Amino acid sequence: GSQNSSSDLPEEVKIGYLRVPNDEMVSKTKDLFDAYFSELGISYEFIIFDSGAEANQALASGSIDFASMGNTNAIIALARGIDVEMIWIHEVLGEIEGLAVKEGSGIMTAQDLVGQKIATPFASTSHYILLNYLKENGIADQVELLDMPTADIVAAWERGDINAAYTWQPSLGELTKTGSILVDSADMAEEGYITANVLLVQKEFSSNYPDLVAGFIKVLSQGGDIYRADAQEAADSVATELAITSDQALSQMSGSIWLTPEEELSEEYMGTSDSPGHFAQIMKDTADFLAEQKSIDSAPSQEAFNEYLNPLYIEMSLE
Amino acid sequence: MTADRIIEIKKLAVDYQTDETKLRAVTQIDLSIDKNDFICVLGPSGCGKSTLLNVIAGFIPPSEGSILMQGQPVVGPDWNRGVVFQSASLYPWMSVRQNVEFGPKIKGLPKGQVSEIATHFLKQIHLLDVEDLPPFQLSGGMRQRVALARALANEPAILLLDEPFGALDALTRIHMQQLVRTIWKENKNTIFMITHDVDEALALGTRLLVMSKSPGSIIREFQSDFSYAVDQKTGRLQLDEKYLALREEILNLIDI
Amino acid sequence: MKEGKNHRRLTIVTWLVIFLVWYVITEFGLVSHLIIPSPKEVLNTFVDIVKNGYNGIPFWKHLGISLLRLFLASGLAIVTAVPLGLLSGYFKKVGAIVDSIVQFYRPLPPLAYYIVLILWLGIGESSKVTLLFLAAFAPIYIACVSAVKNIQLEYLLSAQSLGAKGKDLFYRIVVPACLPDIFTSIRTAVGVAYTTLVSAEMIAATSGVGWMVLDASRYLKSSVIFVGIIVMGITGVLIDLGLRTIENKIIFWKGYQ
Amino acid sequence: MKEGKNHRRLTIVTWLVIFLVWYVITEFGLVSHLIIPSPKEVLNTFVDIVKNGYNGIPFWKHLGISLLRLFLASGLAIVTAVPLGLLSGYFKKVGAIVDSIVQFYRPLPPLAYYIVLILWLGIGESSKVTLLFLAAFAPIYIACVSAVKNIQLEYLLSAQSLGAKGKDLFYRIVVPACLPDIFTSIRTAVGVAYTTLVSAEMIAATSGVGWMVLDASRYLKSSVIFVGIIVMGITGVLIDLGLRTIENKIIFWKGYQ
Amino acid sequence: MTADRIIEIKKLAVDYQTDETKLRAVTQIDLSIDKNDFICVLGPSGCGKSTLLNVIAGFIPPSEGSILMQGQPVVGPDWNRGVVFQSASLYPWMSVRQNVEFGPKIKGLPKGQVSEIATHFLKQIHLLDVEDLPPFQLSGGMRQRVALARALANEPAILLLDEPFGALDALTRIHMQQLVRTIWKENKNTIFMITHDVDEALALGTRLLVMSKSPGSIIREFQSDFSYAVDQKTGRLQLDEKYLALREEILNLIDI
């Protein structure tokens, strides 16, 4: 890309990220961001958010420039009118999120869930998939959903308060020590219920510093490249920050699909500036569902999503 | 010891423990109180008057010496020795009547009798018409009268009054003195009263004790009969030469 | 009095000005409605929630369950803290045992031990109520201890001279003498428990006004958040008013000790 | 006195018993160490955190940043609530304007309006400090208003008869007469702010003891949770002790009004 | 009006507004106070004595009638009229000396002069040796003496005392009376004092005002010169027939 003069650069960049093993985490732990921002001579700050909901609050208050979150939260951001755009799909969620049921609870099929308490963090991708799973099986109003953070889920599970929970790694791993997976997000993806962690940027920021944004995406794809070249190296790199073992990191990473920039631009995902990809439609479907659930007042139009998913910076990063 | 001996104090001393040091409040007290005595105690502030009263009441144990009540050692407060403090410690959550009934009720007397007693003493203090009011709606003088009735209701062998009229204005004080005098005559009570007011002591007491300054001991006792020479209608003393001489003598004793 | 009326008018004007400023800055788009929803939005949301409920649960149930938790916890706190506090004040030995424990946990932020409560008590109502209970317990306990220590000595002495001891003394003198302080502390305690409501409903709840605000904040439904805050504010003021009314009825001698 | 010593001994015994019970039930595996970590684990964790920090930040920094937030917020609350409260009590008109606003927000759970603060002020220190500030403001303000209203009338009248008015009256009589109440309320306020600490460090923090406990509970590191709770408990008690010492120094006439 | 006329009250009435009704506290008061008067006001409780004093002090405006001070209407409290209440309203955050210095300091006098004045009056009340103590370490009588010195330090044209010795015990009261008498004689003050105690009024005042019960008005004024007939050493009155007759007359007036 073309180099900006320094006056075109912000003084500081603030990035909200999630504590999950993805491309962003690899780039961060491999100091690729550090190298990138140091070269530009601007300071940067990574801020952990425990959920997309918090990241949205930070975006709405203008406290951060970039934020990673599940696509359901990205929809909320659009629906609530936060002035952001979606510029990257970190990973498509697969086995990393799933519905765990307890050993010995006798739950073998979806129908066995009837009358059970199922815990999940509300407003998350897990919540969305779980609701669809229950709906698909026609038992949506025959179970009791509990709104719990992932740590509480593990605690309640250990105590025997709940026998089923839809959550993600690493808490999912804790549950499967004494349970099994009834269904996971990979299964549901095949049914068309696709969830992903995505990257949002403040529109004002991206229009002021398009090159910086493109560069940011380039660094992300470099992180992906490391994983694709040597998964073990990537796993080793993120394990410390996530306080898990390399093996755990490796298995968690393999539970989701990482995309190359080219794949991102493909018809299946972001598409190109000229023709929107399929993911915009997935987002629209998801939004319709969330509107039905009254999580958002009304679903934005397909056109709004087409505009919301902006592949421009991925294209720039490939120039 | 006669049959009428109520309190017998011998070589009494009381120490207060403060932090590291001991403070002797009263010392070398010998005192007997007989039935129908009206004792008034005078003495400079802090000389140990209240301490002596508290020992008799049983609130404080003697540090040295002994105190007997009708031959038995005093081991704690009980209903046989009624107490009235300077500020009426009436219970604000009880009505005037309930305050007066408290003692007899605690004693376990039957209901009818409890209410009879209360009525009697409320009549005696002329407050039967305010029996249902809470005490805080009464004036200071009325409150002290209720406190008196409350103590009397138990018909204790002795009544201990610690500056009972100290917080009242001069006029109300005179009325209260008259009331106490009347009650004492009618009921044939035995009274041990602390006061700061020489005129009050002279107007009421049959025996006047004067205490020395701290550590307090009884330095003089006067017999007094002015209480019988009070104007029956106004309650005021008919002052004369003898009275003034005695008054002067006592003031000289206290005013050091 | 005329002055009092003027002041009431001033208070009303203050709130009118607040509403006006609120109206103006939202109406003229000075701030995003995400950050401050307009009064109209908030009102509409309120009407909608009252009519249709939130998350499939009627509004009154949300409010009801929150108040139920609050009153249950406060009731438990009263029933335990009052006797324990009075005993601690009356018998120094009981105080020596209980005091330091209360003093230790009292300053702790409830959210710090909330996960411990989940681990111990599970995700049901018991951990929520316990959290509120713990918040309410300390103020009542501490007030009771100091109330007993501050009883006018004359009350006790004269009662003893009237023949009262043991139970009579405790129930007829000590307890009523402490009642004014106890009642004040109950008001404080309910207030403290109330401010802990949202923390308590963070735990595996799907109902309650506290949870409603939390859930709304996840979906950035500012107008629901505002509705929740306003409802909680008014409810809080009303609860205190109610308690104060009861207090004035029961403790008719308040201030005349 | 000897009795006091005996009671202190009883308190110590109480805590020893608590530790013993804790030791026994964990040592003999009566409960999972996830639910209650053993004293040894907790001690080891404490030593480890003191030595190596938590999440890459030294332990003293965690504690330091939390206390900094607390004292900053309390300081701000004192500086604003004391003058405003005194003025509200002194000039009825100011009271008519400010009182009802404070009364309205006071019973609100901080977590309910925390999200609003974040939307308004962002996720930085300012929203955290503001949350603690609001928690500390109300108790001081309310105490100041009532302190002024309860000043002994004779203080004011005699000062006026000595020629004092306006500023002299306010600074030389009103302010010192209210100081004892102000100080008591400051202690309350710091306590309230302290219990709000974890809430404040819930969102977008990566340091502070409150955050440490929250983070540990996310990963169910019970021993870290226990370390956090114990540290917070002791710190809370120490802060109050410190404030009380200062109070006794400054308000030497306390209780002799 | 002579040059020595300090206070001139004409047809004064004061109403208190309570909820819906008006309460007339004092009515039809005509009173002039001249330099060096020592006025003692007597009257039954609640008759409006304090109300009258508060009007003179400027704490309460008259509802009807007028009050002039040295020819000027009184519009509020100021340092020209010093006040002492029953319970010493000494400021506990100031030392004894600072309390006494308060008035002169507020007046803006130079530091040296302020401290000179304080020393003078502390000496006059015999409390120079406790000047650095906080007031709450003093006894009740000492506190009232400081309150007196604090009011005197401004050298006000008139001193208003509202039952200044009401809370003191009988002996301390006598000492205080002697002190006030001495000060009044030495400084040639003008004093307006409320009391409940007829003996006190007789022992101190040059003019004794007796007020009727509520709504209070002045029903009698007595000239008294007993204050000059007090034992210089003990402060006690040398009672005689004339004294007792006057005392009886006043008591009959008040005691209704």
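Which chain is which? They are A, B, C, D and E, in the order written, and residues in each are numbered from 1.
By our rule, a residue touches a chain if its C-beta (ideal position, glycine included) is under 8 Å from a C-beta of that chain, and two chains touch if they have at least 3 such contacts.
Quick caveat, the model's predicted, so the values are computed rather than measured.
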Common touching chains of chain C and chain B: none
Partner chains shared by chain B and chain D (touch criterion as defined above): C, E
Selected interface, A-C versus A-D, where C-beta contact pairs are more numerous: A-C
Gap in Å, rounded to a whole number, between the CA centres of chain E and chain C: 50
For chain A paired with chain B, centre-to-centre distance based on mean C-alpha positions, whole Å: 86
Distance from the mean Cα position of chain C to that of chain A, given in whole angstrom: 39
Geometric centre distance via CA averages, chain E-chain B, whole Å: 33
Multi-chain contact sites of chain E, meaning residues that touch two or more partners: none
Residue list for chain A, restricted to those that touch at least two other chains: 57, 60-61, 151, 155, 158-159
Chain C residues counted as touching two or more neighbouring chains: 34-35, 115, 119, 217
Chains grouped in pairs wherever the two touch, ordered by label: A-C, A-D, B-C, B-E, C-D, D-E
Contacting residues of chain D [partner chain E, same complex]: 152, 154-155, 157-164, 168, 172-173, 176-177, 179, 252-253, 256-257
Parts of chain B lying in touch with chain E, wherever the complex brings them together: 44-45, 139, 166, 169-172, 174, 196-198, 234, 236, 239, 244, 248, 251, 254-255
Interfacial residue positions of chain D with respect to chain C in the complex: 3, 6-8, 10-11, 14-15, 18, 34-35, 92-93, 95-97, 99-101, 103-113, 115-116, 119-120, 191, 194-199, 202, 210, 213-214, 217, 220, 222, 225-226, 228-229, 232-234, 236-237, 239-240
Complex interface listing, chain A residues touching chain D: 16, 47-50, 54, 57-58, 60-64, 149-151, 154-155, 158-159, 174, 243
Residues of chain C that touch chain A when the two form their complex: 32-35, 55, 115, 118-119, 122-124, 203-206, 211, 215, 217-221
